[in-house]
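Right after this note come the structures.
Next come two complexes built around subunit A: one with subunit B, the other with subunit C.
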Partner chain A sequence: MSMEYREALESLTRIRGVVGGLLVSREDGLVVAEAAMDGVAGNAVAALTNALAGRMQAAVASGGFGDPSFFHLHADGGTIAAAPAGDELLVVVIADRRVNVGLLRLEMLRIAGSVA
Partner chain B sequence: MSEDIRVMTAQLAADPTSLVFLPLGEALRQRGQLDAAEKVAVAGLSRYPDLADGHDLLARIVGDRGDFEQAFDEWGIALRLDPKHVGAHKGIGFLYFVAGDLEEALHHLETAGAALPDDDGLQSAIARVHESLASRAQPEEDVPAGAPPVQDPAPAEPVDMEGAFRGMEGAEDGLLLLDNKGRCLTGGLLSPEGVDVADVVAAHLAGVAQEASRAVELLGLGAWHGLTVQAPGANLQIVAPDAESVLLLAREAGMPLGRLAMLSERAAAAAREWLQGLS
Partner chain C sequence: MRSLEPWVESPLATFLTESDARLTLLMTGSGQVVAQHGFTHALDVMAAAALGAAIVASTDALASVLGLRAFHALHHQGHRHGVFLAPFEMPQGRMIGLVVYGRDTSLGLVQLFFDRLVSELAAAAPPGEGKKVVLPQDFEHELHASLRALFGR
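And now, the complex of A and B:
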């Protein structure tokens, strides 16, 4: 299963601008699988992104808007994107400014569907 | 088919990666062959999705067809890819003018105008926006015939708690300003069923700006600008108008994210003005 997860993440890293990808446990924010995360503090990114996604999930659901399918935090130097994969996993991608967010979103949703 | 279009079509057929799709698409657009122009532009963008000129071309094509919403989105993408793109500033400036947002129109048109001082049409448009702004400042005078409806001018004095987003779409049901402790400051938020959910959502968002900052700082990504969330019932955008506040904008799920970002920037500017009026 771990190899399957890694292969899914590696398809994300082929998108231009993507620096790395993570599969994170939504329950505790721990890394389940990762790809191309050289030089990136994967555990810390996983924990922070999972916490942020959890907060947004709670906020959005409490407003009656349903469960979010995609999160996108954009910054000066790049992007952190996340897509829930079922109740247990979160697909997380770190990318620089070159990334095409629309393409990234489509691929993340596809992978979230496949690993859920 | 004109000779230049024939030549460029042959070039593109011989080398599908060629950037000749840009002049070819423009030539087709100018001849009114919008379907063909759009196919060329979309095919080019599939190879060069980060090319601002490609999005500018597509915006002009769909704009000619009257699809101003997509044109707005494409020019928005172009400006994200290249914040100094003159064609995108010019195009989106005209759209803001048509929509009655004169301040935004002026900003974009003047940015384009600085780069194109000899563009008479553009300079004329800038002058018209100035005239419209002057007319709006004197409400007793007649508005020029044919001019689009304009929004209420921003209040010069601090206003009541409902007023930060006055005149903006969703001011009472889809725009919410809160402090970092999750307390509502102004605006409102309704669920898709029409229930007031401002307080409960705001409470969940306490500290969200700090968490966003920590995440991007950890990765050395600099300052964060926005957090976009897609959900079945809405597309939402969170921005921080200043260090002490957070703005939530909620719109229908089908709204393109580029437009969502534009609207949130406008709302954040209104929020900043309102907050400054309080201090």
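And now, the complex of A and C:
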């Protein structure tokens, strides 16, 4: 893993409630870099979130709103958030209920800008 | 989807729905077809099965030469389609999955749902069936019998 990607993911995992951070290839949904706790199914989250992000991007574009910059899936047990980083990467975070979504969003957008 | 083994049908149907694969072929390690989806000609299936089994055998030999354990899966990304080829072990013996997918899905999804397919097949396989060995002299007869069953001719 490159130093740039490692530092980006480490800054995400320092946020309270974050249990995993991934950089995912948008082309094929595979994990490019990962920092996640044991038991987090990074490959599955990467593939499924990437597929969902692709469809949501198409939906947003169909609405005439341009490219989306942040996705937030909220569930009873936690959160999955994703931010496209250019055409090639997707920043994905898995977090539990304690996460501050505002802070998470700011950090993810910063990382998406830096690794794009 | 057509299958020679009823217990393969449900796991394969789930895989096809979730992965959005265009073509899928499940075969034995020696290239005998167990199930297929998307092929319309017996000849295509026969060629794909033979080539798929040969590629897996070649990579096994390559791994052996390199002193590695066998490769888990092979992937070829084309311009419009990708090909995913992976051997897996079942109580009945080694099987191989060959999946062709388009740009409406991804390698990550195919890999994810293929792993689930393997787990579901292992759970669905009838107990007590040992490994089947196909003798070389029976191979062609068995191959044609399976293609007749799959394509109804």
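Basically, the second predicted complex is superposed on the first by the 114 of 116 C-alpha atoms of A that agree within 3 Å, B and C clash if a C-alpha of one lies under 4 Å from a C-alpha of the other, contacts with A are read in each partner's own complex, and residues count from 1 in each chain.
Rule of thumb we're sticking to: a residue touches a chain if its C-beta (ideal position, glycine included) is under 8 Å from a C-beta of that chain, and two chains touch if they have at least 3 such contacts.
These numbers were taken from a predicted model, which means no experiment stands behind them.
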item: Fit or clash between subunit C and subunit B when superposed on subunit A; value: fit
item: Angular separation of subunit B and subunit C about subunit A, which is computed from CA centres of the superposed model and rounded to the nearest 10 °; value: 120
item: Partner contacting more residues of subunit A (subunit B vs subunit C); value: B
item: Partner chain in contact with A:A36 - subunit B first, subunit C second, else both or neither; value: neither
item: Partner chain(s) touched by A:D76 [first = subunit B, second = subunit C, both, neither]; value: first
item: First (subunit B), second (subunit C), both or neither touched by A:A44; value: both
item: First, second, both or neither for A:D28, with subunit B first and subunit C second; value: second
item: Which superposed partner A:S62 touches (first subunit B, second subunit C, both, neither); value: first
item: Superposition-derived minimum Cα distance between subunit C and subunit B (Å); value: 9
item: Common interface positions of subunit A, toward subunit B and toward subunit C; value: 44, 48, 51
item: Touch list for subunit B against partner subunit A, complex; value: 49-50, 189, 191-193, 195, 197, 200-201, 204-205, 207-208, 211-212, 214-216, 218-234, 236, 238, 250, 257
item: Subunit C to subunit A touching residues, read off their complex; value: 77, 82, 105-109, 111-112
item: Interface residues, subunit A side, partner subunit C - complex; value: 24-25, 27-30, 43-44, 46-48, 50-51
item: Residue ranges of subunit A in contact with subunit B within the complex; value: 16, 40-41, 44-45, 48-49, 51-52, 55-56, 58-60, 62-80, 94, 98, 100-103
